[in-house]
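Both complexes below contain chain A, partnered by chain B and then by chain C.
== the complex of A and B ==
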């Protein structure tokens, strides 16, 4: 990391820490939503941005985490914290099974499978309403044994998970494993010829990514959503995660963070026009970004900063 | 066999035929362009809205509205190809598969929310092709719209097969699917073939959307569940195999109807996913697909 990068990280963290001090309860909730999307987009970016694996199930894994925890609280009476951890583990396990089935095949199988998985899981959650409460919504007790939900505390918990997620992914992509993933993204045949077990590493990345999504889904549901419904699995939720990552900058660490913040700000600003206006805007942005500057907003910034020596140089991979 | 089981089987076959229309288009696009069109469900939706526009707003006869809807969706498909997908072939683009999937997914999001913004979250009912019911076998009655949809689907599937296997255009399309370079060397305009493939797929998706709309009405996310099934058919038939898509569509329709009779009706839409899992575990290259060979 260069001095500039460290400075930027410290400023961003300081800004994030100031949020609960100056904002009211509603805005803290909005900021926590941004953190939720930061985690989901960052973990999705590990797949597409670093390993070249395209999944449409990130929102579904968040829902797996949330539903596992909520159902455990409802039917077994476990404390929410235990539920959140189990939710993460279940999401990781489901991710492993899906990845194991699809990633040994080349081609768009995983994309097709994950889109099917999230749609079908949504239908099953609706059909089994006696067990899952379906569209009525599953109540999620507050994470801590308190009478009143405390949004500032909840925000800090989400911030801690977001930081842990960013640090974990920073370490992961800058380790040898990260090099394997990038090699797989650039050319799977050559990576295989160099002795990388490409299937194993793609599956590993997938499991890490679904674990993070499952934890984020469970925590956010217990802290802020309070009542979850199968709508959590609509493809438009997945589209938000995809849009945040692509618009922010695929394959960079800062990109998904910037994208998620932009997304939530856009959502709040456009809410007055229509509750779906931000989806339309982000759909247009995804198409424009993919077509004209595939490295996203942060990618545009990156070139300027890098030419001034402000960013760490990266190994000469091909440009996105 | 009691009437209920029979009606489920007949309905299963009818839906199989409609899925066939959707999956056939998806297969043709994938075979020729190596692109999975994630906006295919929205092509279906556009077909439904177009039929509403032509029959209710403009007051045309549904039999005139149907070809017009098909043509509109085909025109939209060609536009999509021209604006969004052509760079894959004319410029050197990194990771074209990822580019195509994200762009078509973005397009699908755009079309769904565009429909929501312009038409609203209401269900529209286009004019019926054939109102009333008809006795089919014994006590089994079917609504005219379902029968009409099935008959049109058979006609369109046969016409597509005829074009693909009996005309020079079909031969050129197949040649492009087998080898773009080889086809270009033989004087086939491979870019033109892309356009033809998308237009053909648009005609079929537009027809499926228009035929389904009097039965299930039209709303912004009407295409999502059918297109997920078409994805399953694409994998089950073998990615890019035309006969595979037709046969897999009928199989899926039957699996759904038999599943609803003998297992549970509520789970009708879930069986397709079980089929997908089974295919990926047992025969990942599908019924008619070839084991992947890479140069």
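== the complex of A and C ==
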């Protein structure tokens, strides 16, 4: 990392740490929601931005994490923190199974399979209401044994997971795994002809991505949502993840972070106009970005910063 | 897998065997019962008119398309049912007719992706980077080390592709028109490298339409026409072969 990159990371972290000190409980919740989508967008970016795998199931994996934990609390009486960890593991396992089934397919077939998976899961959660409480909603006990939810504390927990997620993804993409994923994104046939076990690495990326989404889903639900419902799997949730990543900048580390913060704040501002206005905004933003600057906001910024020598020009993994 | 040959291991026993290989695209028999063997260290020239099946033969060896019939073995192991990456890891490196490099990755990333995928445990990241740098320097494209490959010219991409294939440390090297779009001076550089590899004992199959070059380089030439093997011999023999002359003029 260049000195500028380190400085930017430190400033961003400092700003993030100031949030619970200066904001009221409502705004802290908005900031925590932004962190939740930072994690989902960052982990989804590992798939589309790095490996070139288009999945519409990221919100579904967050729901797998949340429901696993909520159901364990309800039916087995497990403490939420154990439930969250199990939720991550179950999401990773489901991710592995789904990946095994459909990562041999490419392009639109894979995308369609993930939509199918997401919708089936949503319907099952809705129909099996005796077990899942369906549309009535599943109660998510607060993560810590406290009477009143503490939003500042919850925010810090989300921040910790978001940081862990960013560090994990940074390490992952700046290792040989990152080279394989990028090669797969660029040209899957040639990647395989160069000796890369493309299916195995796509599955690995899918499992890592699902694990992070599952953890985020469980944690956020226990901290800020209280009651979850199958609506969590609606494609409009997925739309926010997709829009945040694309608008921020696919295939970059900072892009999904910038995109998620921008869109969650935008969503809050527009909520006063109409409850669905934000979807219109996302759609327009995605179209504009795809048409005029495919590399997103961070992509635009990246060129400027790079030409001034502020960003690393050599991928760290290839430096001696 | 055992075959009769396993009992007769001599210096000249074949390391690469193609037996009755056929491959059809719909009704089009792009390879029609092709058979030939190679001994270790041989440099084989593969010629034939456009559409005769040269690329298809290399694709079959690399498991890009499955054979409809026949067998291919390398170092006494059947490779025709392996998947693409397994063939590469078995020691076969392939260079493509159209240079398909990874465009948004730097040259060094292009090389490392291949290097890591087949590396032996003893080789560290630093070793691979050093080897990559040597290759880039010897092919005169070291100034592009950290440039995204998509910004290079066609000829430079070909050189990068050559370097990337050599990163695989193949024991059988498949070259499909390696000089396409490359500047004559750089062709000389590549030829020099191919000669050195050959002298070091690497087994090579090279496809080229540049008959003088390929005839000068190889001791043995095979020719394809309409998916059939029509000649197999020394350059002099193949050059004089009326069937080959006919295939070229008729095609």
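Just so we're on the same page, the second predicted complex is superposed on the first by the 312 of 320 C-alpha atoms of A that agree within 3 Å, B and C clash if a C-alpha of one lies under 4 Å from a C-alpha of the other, contacts with A are read in each partner's own complex, and residues count from 1 in each chain.
Simple rule for what comes next: a contact is a pair of C-beta atoms (placed from the backbone, for glycine too) under 8 Å apart; a residue touches a chain by one contact, two chains touch by 3 or more.
As the structure is a computational prediction, the values presented were derived from the model and not from experiment.
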{"item": "Touched partner set for A:294, first chain B, second chain C, both or neither", "value": "first"}
{"item": "First, second, both or neither for A:116, with chain B first and chain C second", "value": "first"}
{"item": "Chain B versus chain C as contact partner of A:197, first or second or both or neither", "value": "second"}
{"item": "Touched partner set for A:132, first chain B, second chain C, both or neither", "value": "neither"}
{"item": "Touched partner set for A:179, first chain B, second chain C, both or neither", "value": "second"}
{"item": "First (chain B), second (chain C), both or neither touched by A:189", "value": "both"}
{"item": "First, second, both or neither for A:68, with chain B first and chain C second", "value": "neither"}
{"item": "On chain A, the residue positions that both chain B and chain C contact, one per complex", "value": "189, 318, 320"}
{"item": "Chain A - residues contacting chain C, complex", "value": "176, 179-180, 182-183, 186-187, 189-198, 313-315, 317-318, 320"}
{"item": "Chain A residues within the chain B interface of the complex", "value": "48, 52, 54, 56, 101-102, 105-109, 111-113, 115-117, 119-120, 123-124, 127, 185, 189, 235-236, 239, 242-243, 246, 274, 276-277, 279-280, 282-284, 286-287, 290-291, 294, 318-320"}
{"item": "Contacting residues of chain B [partner chain A, same complex]", "value": "36, 38, 84, 87, 94-95, 97-99, 101-103, 105-107, 109-110, 112-114, 116-117, 224-225, 228, 231-232, 234-235, 239, 266-267, 269-270, 272-273, 276-277, 280-281, 284, 292, 294"}
{"item": "Interface residues, chain C side, partner chain A - complex", "value": "62, 64, 83-85, 88-89, 94, 96, 100, 102-106, 108-109, 112-114, 116-118, 125-126, 129, 146, 164, 168"}
